[in-house]
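Chain nomenclature is as follows: A, B, C, D, E and F, assigned in order of appearance, with residue numbering initiated at 1 for each chain independently.
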Amino acid sequence: MQAVTTLCVENLWLERGDRDLCRGLSFSLQGGQVARIIGENGAGKSSLLKYLVGTLSAVEGSVAFNGEDISAHRDVLIQDLLYIGHTPGVKSVFTVAENLKLYAPHSSNQELEYALTQVSLDAYWDTPAAQLSAGQKRRVALARLWLTQKPVWLLDEPFTALDVSGVEVLEQRIKDHVITGGIVVLTTHQPLHSLNPVTIELAS
Amino acid sequence: MQAVTTLCVENLWLERGDRDLCRGLSFSLQGGQVARIIGENGAGKSSLLKYLVGTLSAVEGSVAFNGEDISAHRDVLIQDLLYIGHTPGVKSVFTVAENLKLYAPHSSNQELEYALTQVSLDAYWDTPAAQLSAGQKRRVALARLWLTQKPVWLLDEPFTALDVSGVEVLEQRIKDHVITGGIVVLTTHQPLHSLNPVTIELAS
Amino acid sequence: MTLSSFFKAELLTLFRRKQSIFNALIFFVMVVTLFPLGVDPSPDFLAPAAGGIIWCAIALAILMSVESLFKEDYNDGSLEQWLVSGHSVSVLVLLKVFAQWLMVVIPLVLALPFLSKMLFLASELIPVMLVSVLVGSPALFLIGAIGAALTVSLRGGAVLMLLLILPLYIPVIIFATGAVRAAQLEMPFTGQLAILGAISLLALAISPLMAAISIKASVS
Amino acid sequence: MTLSSFFKAELLTLFRRKQSIFNALIFFVMVVTLFPLGVDPSPDFLAPAAGGIIWCAIALAILMSVESLFKEDYNDGSLEQWLVSGHSVSVLVLLKVFAQWLMVVIPLVLALPFLSKMLFLASELIPVMLVSVLVGSPALFLIGAIGAALTVSLRGGAVLMLLLILPLYIPVIIFATGAVRAAQLEMPFTGQLAILGAISLLALAISPLMAAISIKASVS
Amino acid sequence: MNWTWFHKLGSPKWFFQWADRWGKVCFWFGTVLLIVGVIWGLGFAPQDYQQGNSFRIIYIHVPAAVLAQSCYLAMGIAGFVALVWQMKLAPVFIKAVAPVGAVMAFISLVSGAIWGKPTWGTWWVWDARLTSVLVLFLLYMGVIAIQNTLDDLQLADKAVAVISIVGVINLPIIKYSVEWWNTLHQPATFKLTEKPAMPVEMWLPLLFSALGLYLFAAGVSMWRMQNEVLVRERRANWVKEEVMKRGV
Amino acid sequence: MAFNSISEFIQMGNHGAYVWSTYALCLIVLSGLVVQTLLHGRKQRRQLKSRIQREQKS
């Protein structure tokens, strides 16, 4: 069996403009854990995720993935990572299926259909994403979670715009993922029902 | 004293593409009531609000505002209406204050400051909206609620991206508004805490 | 939202973003400098062609700056707010076009004398050129606004709209260059300018209404 | 996301949206038709100027089509996904530019013979024209891509960038029209074409890297 | 004034039945007139002293040119009606007439181009009239393409109405282009106020073929409108009856 | 008749090719319009009919 996936952040100091978002933040996650970043609006939750992904650089601090220091280059992490941000890259000119195929090119049509059924979009296979409702657009982005093999998921407010049953399905998917040894880092302002996350607090 | 504000919808039949969103829907609201439209993702909540606003036309049905039939022309309603949709018209090149001034040109700086304090954005007066977090952007749009005199509010998922204290403040503002005779129609997938709304159900 | 706050905001956006203003100006300067470089730098060639070259450059610059006039307002939800602002959408369109016109045409007009000189346009003709730009450019903006409004929500169909709007630029350019050419040949040119003005007035009457209808149809 | 799924998706977007492809084509056709109408329709004027007019039209059309190359990807979050795709951003940029080039230049090249005829360009010159477009246009796209990447998230500063990128277009146009003019005068023109090719190769080496750096800086 | 006819016309059902009768009449009467006019013009009208026999192209060129413009004008009016009175049939009319007009514009362009070769020595010049007719043709193509590509019917109808109205400005340009610019093209031979300069034997067949083409186009347009009405009103009971009644 | 013989009529004094090609083209285009109209109409009716039949069944 493969060694357990780990993701550790040491002594992180993030800054945006002149504002410190966090200073001396450390945490360490391992396969099987869901982490929830909490903090007010503007506390720096999205910024922290962006730092992990590597699009935002820190003043100070280091990240290690599977024991390897990746502060300078995220390449190793990125191979194993799925990130869904506030704007998740759903193309409005593409149909729902085309949007999925872009990110999961090796999936067969059955797999795509399975993923779409999970997010209750199976009737919208051929609908352009522009003609979907807010929640349905979000579901298109989230359908990728049923098609991916990557162990680390970083999800920025994945529950936004989802209805109650959507939230439930997504929580279930996250649970299934961590049971098989994955790591999920997410942010959300809504209460979680069936998940029991580690919390990472950003005080402002 | 002015007569009570009323908003009645009769026998509404909404269609999108070839899909019926609702058929034979009737409801009637009056000053002091909060109405919550409920339904799954894609049920047609936003579409219903758009119909009320007048940007979407119905196959059949009528709306009356203060007893007057306004199915053909929304002018009377629009004079008294504030609508905040999924994309609330916050300009990213403008600073927070400029964004507010655009929609509330007659407000004094004190009033603007008061509104911004309510949504905890007083420190961001001069920050371009592009540099705000998701929840802060939403707050910019919502600050208009503290500057308006309009009796009817149509709010499409106003709680999205707000943190817990933001939700509380907004619920309080909505309560204050209906107490003074206003009508609020809103959609949300999150549970409400201090509001006790009439529900309008869209079954799909 | 009042009309004046709206207009101020429009000017401010243009000022902040500068993109569309400068794009138009740069485009204009580029066309005018490319021609001598790419075709023939001799005064014999340039002087008679100057009026035409400059007007083509202006038309293209304006086209480029109006093409996505409403795009951002559509994306950030402002167009929806226009519809619930209680103001006539036509008036808002008109104000927006007017703001754009001000911010784009003023720099063009300021640059015009220099660029005309660069193309060896006779000095006496520069006033005619200026007047033709001032009188004719509103038509280009207004016609372009219809196209922009129609294309704002369309995918695929958008191209067609442009295709439909562009031919309408041709008469404006023909009359404008006609005026300059007539002045060059020392013939009367007020007729052409009057027709230009008439086209602009007609566009002023029709375009905001048409654009408003298109916007209402696009936002839903 | 694999490189091939990415490339296919790029082609599909262009095909679906058609806007940038057709805009370029229409722009091209418009410039070419406006000139005879606006300046002078006689073959004596048009024939010698044809090469220059067509190249200016092509440069403007390409400029217009690359100007907002990354805008939409930025707005819908796709650029962010590029960064976490595990692929080199330079390669993605290159593929995107290549897709755009294919979809814009092929229609232009197809339209070229007709439009050349309309401007009374001698038939012998059309192959030279075609070769110059095929060899020179990649440089315009690649240089434009740097500008587009720099401007994608900037407000205000964007203009300066454009201003810096545009002058780089001028050498390309000078050599391209130089080649056509040389061929017109029955002089050797392979030298110019070789220089054009060299510029394109240089751009090919530098531009994706520069664009990738700009994109990484813009997305945060 | 009695407006009932106007409102009746607005009713798809009434229109359908009306067009069922008159469409055929227009079409056949028009075809016969057109054939008579063309044969008369080709075989019996005297030769033109300047242009020789190539002038015989006029018997299709001018009717087609006139019709191309009339169709667009009609579309412009329909566009206005569609936007102002929201009459259901107006967009149907635009959609039906656009291809007919496009065909007419095409014929006038091609016949003009062919005619140009022997008379001006060239197929095409960048002349204002020629260009504006080309623009007219492009406008038609645009309208057709919009109707075919936009799946949002309401938006497509609005867009087409807008384009129809705005494009009308092209018509005076076509009309007066020969007077405003000194062009190669012939100035008007028919004016309402004056007697034509042509001999009667020459213009009478022209009148026949023009009238014939008008009626032909009217007939075809009515059929096209009928088709469109059926599709749009597919939910109405009378359409169901109508469709089931006729075996296809 | 403005011509003395059929061959003269066909030739039209060297302009025959122009005149006849114009009219031939015209005939093709106009009949094409009519045929397209009729065929399209028939196709739409057929589709409508099958649609209505499907609806009545279900």
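Criterion: a residue touches a chain if its C-beta (ideal position, glycine included) is under 8 Å from a C-beta of that chain, and two chains touch if they have at least 3 such contacts.
Predicted model only: the values in this text are computed from it and were never measured.
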Chains touching both chain A and chain F = none
Can you list the groups of chains that still touch once chain E is no longer counted?
-> A, B, C, D | F
Tally the contacting C-beta pairs at the E-F interface and at the B-C interface, and name the larger one.
-> E-F
Which chain would you call central, comparing Cα centres to the global Cα centre?
-> C
Taking all residue numbers at the chain A/chain B interface, are over half used by both copies (same) or under half (different)?
-> same
Dist(centroid_CA(chain B), centroid_CA(chain C)) in Å evaluates to 37
Whole-Å distance, C-alpha centre of chain A to that of chain C, is 46
Between chain A and chain B, what's the gap in Å when you average each chain's C-alpha atoms?
-> 30
Centre-of-Cα separation between chain E and chain D, whole angstrom | 40
Residues of chain B touching at least two other chains = 86, 93
Multi-chain contact sites of chain F, meaning residues that touch two or more partners | none
In chain E, the residues touching two or more other chains are 128, 131, 154
For chain D, which residues are in contact with chain A within the complex?
-> 1-2, 4-6, 9, 12-13, 16-17, 75-78, 80-81, 83-86, 216, 219-220
Quick one: which bits of chain C touch chain E in the complex? Just the residue numbers, please.
-> 143, 146, 150, 153-154, 156-157, 160-161, 163-165, 167-168, 170-171, 174, 178, 199, 202, 206-207, 210, 213-214, 216-218
Okay, in this complex, where on chain D does chain E touch?
-> 33, 36-37, 41, 118
Which residues of chain E touch chain D in their complex?
-> 124-128, 131
In their complex, what parts of chain A are in touch with chain B?
-> 17, 39-42, 44-46, 86, 120, 131-136, 138-139, 157, 160-167, 189-190
